[in-house]
Amino acid sequence: MTTVDDAPREADHEPSDEVAAAVCARFPGSIAAESHGQVVVHVDRAALADVARFLRDEERFTTCVDITAVDHLRTAARVLPDGVTAERYEVVANFLAHARNRRVRIIAQVPAADPVVPTLTGVYPGTGFPERETYDLLGITFEGHPDPTRILMPDDWIGHPLRKDTGAARVPVTFKGSPDPR
Amino acid sequence: MGLDQVPHNFLTARLEDLVRWGRRNSVFPATFGLACCALEMMATGAAHYDLARFGMEVFRASPRQADLMIVAGRVSQKMAPVLRQVYDQMVEPKWVISMGVCASSGGMFNNYAIVQGVDQIVPVDVYVPGCPPGPETLLHGILTLHDQIRTGELMRRRAASPTGGAAIDLGAVPAPAAS
Amino acid sequence: MTTAEHDLDRLEAQTDEGAQELRTRSRSREVVLAGGGMWPEDELGDTMIINMGPQHPSTHGVLRLMMELDGEDVVRIKPVVGYLHTGMEKTAEELTYVQGTTNVSRMDYASNFANELVFSMAVERLLDVEVPPRAQWIRMMMCELSRMASHLLFQATNGMDIGAVSMMLYGWREREEVLRLFEFITGLRMNCNYIRPGGVAADLPDGWQERVLEVCDTVEAGIAEYDALLTENPIWRERTIGIGRITTEECLERSISGPILRSTGFAWDLRKAQPYLAYDQVDFDVVYTENGDVFDRYRIRLHEIRESMRIVRQCVERMPAGDYRVQDKKVTPPPRARIDESMEALIHHFKLFTEGFKVPAGETYVAVESPRGELGCYMVSDGSGKPVRMHIRGPSFYNLQAIEPMGGASLVADAVAIVSSIDPIMGEVDR
Amino acid sequence: MSDYLPILVMVGVVVAFVLLSFVASQLLAPQRPHAAKQAPYECGIVPEQEPAERFPVKFYLVAMSFIVLDVEIVFLYPFSVVFRDLGGFGLVAMAVFVLVLLVPFAYLLSVGALEWGPVRRALERAPGPVLRAPHAVLEPPTRAEEAA
């Protein structure tokens, strides 16, 4: 049964979850939150690789399940714990600890001015492909990535399609009353 | 002296019918499965809806041995040059079936990544609707192509194009001349 | 921003991958021939780069493998993907939540129900909506049936890639039965859009129990045939045992999941570890093996079909009654009959299908066990009718990274067997 | 002359078929030469670096040994048709012929020419049984020994 989770509570001062507490203790700038029953920790983007190494070595998080980014240029309402400066981009990394059978989500705010985040391929080699995809579609460069090239778009493609300011390049369809390209 | 120069009269009519009949019954498709339509294309080739009954015995992998390219699935921007290259490398005479709405017109993905209709790249003979088209729909499309081969005139329909491939400018597709 | 229109000279442009090209690098020859005898050791000529490219019968779609070959030995393999990139995540941001499942269903087109399930569960978690038990059991049954269909497709293409071409016909013979069952229940053979946020599209047609049990018996007979044909076949064992070996540590650090991870001895299955739907109320086994080679992955998928059949049979016996969609006004449109009678129902129906229902702001990550591994959906909503961001974590996208540890120092024919044992679906890789 | 007729007829049919197929394809197929048709087929990719001319010598040596052994088999065919009439003498002659060619075959085997591809892992683990876990397994297996 999918359990009914309570509404996202504001993060009280010391996080209830032990992993979040450990991360907050180890990395002072990070703030823990809880979203629909899942533990989320907002960390400073420079410390992303160190947080990942900490999770892998001390907290036995065996796998970085997914790395992606979100462009909040046109987001109407955003749920952010207080104390986190809302930037345009958010890099989101999900981790899974098989032995402890639990997940944690690390979110780092990335300013639009210089969208650079340290790479996690040193800690988890499995993040090579998703980081290339995030660079390719959203333009967030992962410094230290062994092969920082495009993965999905043709190599001579200009621009990053998933950014909110890039239109969907909808080709005007020729039937009457076709939706105008938003 | 290819068959183009053969005068079109009652002496050569039987020869053309023989050639058309031969071509119609031995069309070999090239495996050009891209996305979900590829699974339905393989299902059409498999036991239940056997394509071999119509002379399409086997899906040839290399374009050198294929007459028909079934574009099964959505064609992305990165795949367009590859599709054009494989089409150019196919031997004459060659036909193209655009299988599924994504190949025919970009389908539900009207965005930056999908070529809105494969007829921008290669001249298409038969468009098969559906997403994905069931094996029966594809078979109907293939039989329509067979009729086209059987009744259409032999050579002259395809204007020789500068790029060598039999590119049609879509405006003036001459009606098939009565043989 | 280059507009997407397609001019002919771009077509003439080289199809090479620019920065992603594989460059040969000469290296000393450390591959020792078995005999170790006086076979003439030529100094290493420059190796050859060939493309097992986008249009190739054995790459399961448009995967391109750039291989550096030294004679028959594969020195390096580099997968190049992106040939089926459809911009689905951009399209998802333009579709309402009601329309979202049609888009997502076309990602992993071998098992469509898993994608629709993960999208619907993400939306339901954001809405904090509870799906009635009958809908949960219908969803579980459909997901297990699509797992059977997907593994039958694997048996067909895996057999053909390694040389047993007759497997292609056998595999499709059984898969056709399952597809016809999907057509009977949902109306479409593939991309059914049957699992939607709030429940399922329609109730099960009457007489479905016999049809489902009939399909299970047919598939069971088919599986026994494959087992007899392949598992003891010496040629099959010679081509698959010991090929493409991978260890649990290599899998975990590359976030590889599903049958590949289970073939290395670690029986990790999300349906058991983090149960969703009603998987904790049905009993089934997680199948796993020890060696982590191509032969093990073939056997795992063969036995997983049997496990899925066990679950489907339990679903047929214990399918609860009740309504198949959540009766919450803001998610489910009113039933068709009510629309003729009351004006509000008509307005409600119209608003639901034009602007879609509003999902409160928030973000969540939901993961389910698809036939290829952990299929996750990360969704961010901002209170409007359309998601801000919908990212699907496709298992094949990560499993493709297993080619490098598996593929080193093998033959070209082994590389084909290895790619086939990873069973990537390119729609899910390129999204 | 009469017993040579079948061979002549066969040769005639072969030549006729070859000529017919060439002439027919010249006549019937539309001629549209195109650069791509001459280019090597690289799964749809336009190869910008020419394929390496120098093939590894291994191919050449295996081709040579194949030709030697294949021709030997070709000689066995006519022998098999008439070996009854030849009697003891034919048997001895063919035995000497086969033995002479056995020596190079033995050499090839000993040198490992027919062992193809990189050295297989010596420790070939036999495939274990298919195991089943009715309950959730959370601990990844810790394997003490690791295959070489």
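Order of writing sets the labels: A, B, C and D. Residues in every chain begin at 1.
The rule we apply is simple: a contact is a pair of C-beta atoms (placed from the backbone, for glycine too) under 8 Å apart; a residue touches a chain by one contact, two chains touch by 3 or more.
Treat the numbers as computed from the prediction; the structure is a model and nothing was measured.
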Chains touching subunit A and subunit B alike, please list them. C, D
Which of A-D and A-C has more C-beta pairs touching across its chains: A-C
Centroid distance [mean C-alpha coordinates] between subunit D and subunit A, Å: 53
Round to the nearest whole Å and give the separation of the Cα centres of subunit A and subunit C. 23
Chain centre separation (subunit B, subunit C; CA means) in Å: 30
Determine the centre-to-centre distance between subunit B and subunit D, using the mean Cα coordinates as centres, and give it in whole Å. 35
Residues touching two or more other chains, restricted to subunit C: which are they? 4, 13-15, 53-56, 82, 85, 87, 90-91, 252, 266, 268, 273, 430
Please list all residues of subunit A that touch 2 or more other chains. 62, 98, 101, 152-154, 157, 161, 166, 168-169, 171
Going by the contact rule already set, what residues in subunit B reach two or more other chains? 77-78, 81-82, 85-86, 111-113, 116, 163
Line, ring, star, complete or other: which one describes how these chains touch? complete
Which bits of subunit D are touching subunit A when the two form their complex? 136, 138-140
For the subunit A and subunit C complex, residues of the former touching the latter: 1-2, 4-5, 7-8, 35-38, 40, 62-66, 68, 70-72, 75-79, 92, 94, 96, 98, 101, 103, 105, 124-130, 133, 137, 147, 149-159, 161-162, 166-169, 171, 182
Using the touch rule from the top, collect the residues of subunit B that touch subunit A in their complex. 77-78, 106, 110-113, 116
Which subunit B residues qualify as touching subunit D in the complex? 1-4, 19, 62-64, 81-83, 85-86, 88-89, 91-93, 155, 158, 160, 163-166
Residue numbers of subunit A touching subunit D in their complex, please. 62, 98-101
